[in-house]
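Letters A, B and C mark the chains as written, and numbering starts fresh at 1 in each.
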Amino acid sequence: MNHLLIKKWWALTMVRRITIGVMSVLVVTLIYKVLYPLAFEFYVGKTNAPLTYSSSQELTPEAFELLAQELSRETRQQQAATIVATDQDPFARQVKIELLMNTPSVIKDSEPAHIRYFRDAGIRRYEGPKTCLQCHATIRIQHGDGTHATLDTLNDLVNSVHFKFQTEAGGFSTYGYDGRQVNSGAHKIPVGKINRACGIPGSFSWTGWAALIASRPEAQQDAIRLRSEGCGQCHIGGNYQPATEKMMPIGDVPNDAKEGIDCLICHATEYDMNQRYVIKDHQGLRWNQDRSLRSALTVGTIDSDTCLRCHQHNMGGDTYQHNVAAQSLGYINQRLLHHGAKRGNPFSPQDDVHAAAGMECTDCHVPEGHRIPRGRKGVDLVANDLPNKEVTCESCHTSAPHHQSRDKALLNGHVARLACETCHIKELTADNVVLRDWVHSTWNAKEGIFEPTDIYRSGAAGKGFTFLWFNGNGTFLANALGNHPDKTLNYNPLMQQVARITDPDIIATVRTKATELKQQYPEIDVDAYVTAATEPLSQLNPELLVQREVMIATNLSAAMNQGESRIYPFKLFNAMMYEDMSNQGAFGAMILPFDYARYYETGDSAAAVKVAIADPIIQRMYQEPFKRYMMDEFMAYFGIMDGWKTIYPLVNNQLVNVEAHWMRQMGTLMVNHGIQRQGHACIACHAPNGIMNFAQLGYSPERVAELEQIDDIVPSLNSAAQSDGQ
Amino acid sequence: MSAIYLYPRWVRIWHWLNAFLFAILIASGASLHFTGNSWLLDFAIARPVHNISGLLLIVSWFVFIIGNVMTDNGRHYRVQWRGFFGRLFSQGRYYAVGIFRNEPHPFHPSEAMKLNTLQQLSYLGVMYVLMPLLVISGGAFLLAVYLPDTIFGLGSIWVVAMLHLTVAYSLVLFVLVHLYIITTGDTVTTNLRAMLTGWHRDDQQETTK
Amino acid sequence: MLFLILLLMAAPLLAEPPETVTTNAACLRCHGMKTLAYRHPQTGKIVDLFIEQFAISHSVHGKLACTECHDGDFAHYPHHAETQQRSLSCVECHEQQDDAAKRHYRFTTIDAEYAKSIHATSAETEAATFNCHSCHDPHRFHASQIGDSLATIIHNDNALCFTCHEQARIKHAWLPNRERHWETVRCLDCHTPVTNAEQAVSHHILSAADSNHDCVNCHSKNSQLLNRLYRYRAASDVASQGWLNTAIFNEAYVVGMSRSAVLDRLALAIIGLTLLILLAHGIGRYRAQQRLLRKQ
């Protein structure tokens, strides 16, 4: 009897225990999956909603077959055209193409593979990731060491830099001005990109994700034309904001946002860039995408064209002559093109020897699943999915790359000290921007918008770009680090090359520009303006200047002296922007973003800042949790050791302690594309007043004399070395 | 004549396997160390034999430890400190003097206590001090590639070698004494039979009763 | 007229014949470039023209000026093809040295040994171009010295062999503890015939089949290694540490060879003594037993 009671009691306890266990798991899941995302959305002031796209249309079986035929014919035509590409006479060419198109060997395999896949699976409508994942739920990838792994495709993508464009992982080659390698310690913060060229600096893509700008082109008598602008045009998420959730250590991007991922912009051979524009729905602004079945049926292997749909824009290549995406700006609300090249080294067959050789981006940037390497050397703070994977010239070209010239051995001899790019990028495009003033905008009559004013542009060596020692490390604000191999103390780019412009031509051009600006902005003091733009260190008070020199010497010398440096070309860039002076240090102050619409429409830069920083997430940034979570650490890397000041710079709609400044040094951007077969001639550098300033690079006066005068050994060199391409 | 069941089956099997491994290891170890002598094993044979037996000895040692934890055999190795030195002295005195005077054994194994104090002490030393040292140094030998270059400023492999050798010599010494002590039971074969059958027959116990 | 001006401009060049290069610095201005090299049009291999200043100045040829060996006209760039092609004979030059005849181990001996070696006799295509320089880079070669760290000697020596013998790892699969062997023994120690104690290791490199496979050649008290690798141990080292170990100490322990005489003797003595004591004890017990039986 007693036994039975005990048994009964025990069974009851077990039931109770199991119930409590299950309930607590359920509660935790509920909190994590439902309450936390809601609380997070509320906190950052962003919303999510199911996303729909008008181009996602269901086709009837008949329409599907028609489309299939059309696409196959197109492919066949392309194949045939490639075969007879060299035929000169257009008519003969056309006839041959038509002949070949109906030849069995060309017809064979001419149908794009996904037509059959979709036909068999009964797919008659493309609905985004959902459709792709039906077959591609997992992805088999190959690591650099040859081993394989099978990953969840969606998860792989959502955690890639292409989707979240920041990372809280280590692996940065970037060093804070406090001397610490970014995210190498225990406190890791999400960091991705500081882009002073686009006006939405730092991780402010929240405030500039998608904007509709009411432009007033003069040609249309001031009628309003809506234009699209914003970071979202290049980032593959289709949501109302970037993947903010990924900035937190827990939580995930909502499923709605994942459904907005644009697989086709990278994977479809024929993606309609005219579908890429900003649309407004009941929730707000977001980027439209091409979800047509036509596009989906052309999914194939990725080639350079697919990468360049975005990468010519965000590398600042809207103005490149051969930029294809820039020809398709949208059926409505056309995308705004950015004038002034950010790097000025296009990767098109006309501009780059590798592109001309038919090579593709992924030949060098060999992906592992959705992770694509940038290479181990990185001067800027751009997140890198595969920080340990090499992307180098040497991996293909070896350390003896020259074969044709009589001076091949001597040219190869330079490889120990010079990067290939140093000779083989002879110039950047002429519209390469060096100094950009965001504060004083200029009216662009043709586009009908106000734009930042480019104070100085040049693609010439020594002007638009300079030469610096580089060991693969960079600072938090993108300054190349490295040192002369003798570890000389004479080399100090942060006080010299990138902190001061001495070229009289440049100074004269800046003066002319400043004088022009003064007509529109009478408050400009031309002398002061020229000094600030060409000697940005003049904006520092003496105390900060001393602090700066000490910090360079004590904090950065280790990162500069690491490994073996070589001389690389670096595109120079500085911008005048509004800064939060409460958070100023020896290398600059926290830059503030602009609201695109207000900026482009009114040209009132201060007003554009006010709108942008009123965004809830910027307000959060100026609060204690955000300070603790990341901003104190961010500031330490920035060179400001006493933490982030949460003094919100907008009080009663007035900017408080906000000043317009040039960053205290120029940023240096790596240039690795736009490689020309024919490098610089020897005399370009080896002559007095050559393009390379040997003294500033830390060479002793005797060595400088030796380097500038090589006629004694090789009198015939000057013309000779020009005849080698490879 | 009384008989008590002193050695459970696993202990006996373990003991004889261990004895077998000891024999092989001593023979092959000597062959490696004094290589070149005609009456020793060939170097090329001795090496794998020694390595494999050594690995088996490691397993065997763990079996012993686990067996002692799992069963109550471990209690025989728990030192009873009360009267320890007295017992130690009387046992020592017996082997040094008493045994020649045909004095009775000062210790009678029982189920609670099968080892005399001297025995217990030497087994403790062997199984818990020398064996671990032997196993560690032997293992280090096998994994020599991964050793640091130096330990305490001496070449690490040399330290390992000397330790292994010293322990090996000590164990050879132990085996010799052990083999002899077996014969000091009531009859020459009493103890040997006990380890074979598990039953200890204590003749003297009965005669003195 | 134009011709005249050109001629006038060129006059200083013609008047002053280029100075002959006399210092290494002038050569090293180009040849000191770390990546001075080219891909050989026939073989596709990178031909390295870099001369490391530190290495050459610390090499056996460190005191020589470049032009003492390279005596062609190198003042011109590019160097004339004919000067570049001239091959340099090690034996010839070294036999011309004043002390050549007095040397223990003459270059003529090396030459004779080398002629028998597998490097010279092999029919493999890779061996066709083999010469002294294949192993001994005259711009960095320096003989191992007594007192050098054994590990360094072994590493440098073997690295040289491994640059060509990429298959060595597979072919030595039979060798127990292969990596350990390679860290502690030179390839040469097995792959050359035994030479007498005071002579350097022979240049007669043996084929795989003829090389030593017998463990006991090294793993024994009279190890061959004592005459070879370990002669680089400084005499003082052996003297001061010999009480612990017959030959060497510290850097390597060779099973079967590195016996500590003291430890061995001590241990065997103790074991012997114990056996005697046990024997005596046994006799004592036997007699006691006899006494007891007699009493009964």
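Note that in this section a contact is a pair of C-beta atoms (placed from the backbone, for glycine too) under 8 Å apart; a residue touches a chain by one contact, two chains touch by 3 or more.
This structure is a prediction, so every number in the text was calculated from the model and none was measured.
Chemist: State the chain with the largest centre-to-centre distance from chain B, centres being mean CA positions.
Modeler: So the farthest one, by centre of C-alpha atoms, is A.
Chemist: Which chain has the mean of its C-alpha atoms lying nearest to the mean of all protein C-alpha atoms shown?
Modeler: Of all chains shown, the one whose C-alpha centre lies nearest the global C-alpha mean is A.
Chemist: Report, in whole Å, the distance between the mean C-alpha point of chain B and the mean C-alpha point of chain C.
Modeler: So the centre of chain B lies 48 Å away from the centre of chain C.
Chemist: Report, in whole Å, the distance between the mean C-alpha point of chain A and the mean C-alpha point of chain B.
Modeler: One centre to the other, that is 71 Å.
Chemist: Report the inter-centroid distance (CA atoms only) between chain A and chain C in whole Å.
Modeler: Each chain reduced to its C-alpha mean, chain A and chain C end up 53 Å apart.
Chemist: In the complex of these two chains, what residues of chain A are touching chain C?
Modeler: Residues in contact with chain C: 398-400, 402-403, 406-410, 412-417, 706, 713-715, 717.
Chemist: Going by the contact rule set out above, which residues of chain C touch chain B in the complex?
Modeler: 151, 176-177, 179-180, 183, 215-216, 219-222, 245, 249-253, 255-256, 258-260, 263, 267, 270-271, 274-275, 278, 281-282, 284-285, 287-289, 291-292
Chemist: Can you list the residues on chain C that touch chain A in the complex?
Modeler: 13, 26, 29-30, 33-39, 41, 46, 49-50, 77-78
Chemist: In the complex of these two chains, what residues of chain B are touching chain C?
Modeler: 32-36, 43-44, 47-48, 95, 99-102, 144-145, 149-150, 154-155, 157-158, 160-162, 165-166, 169, 172-173, 176-177, 180, 183-184
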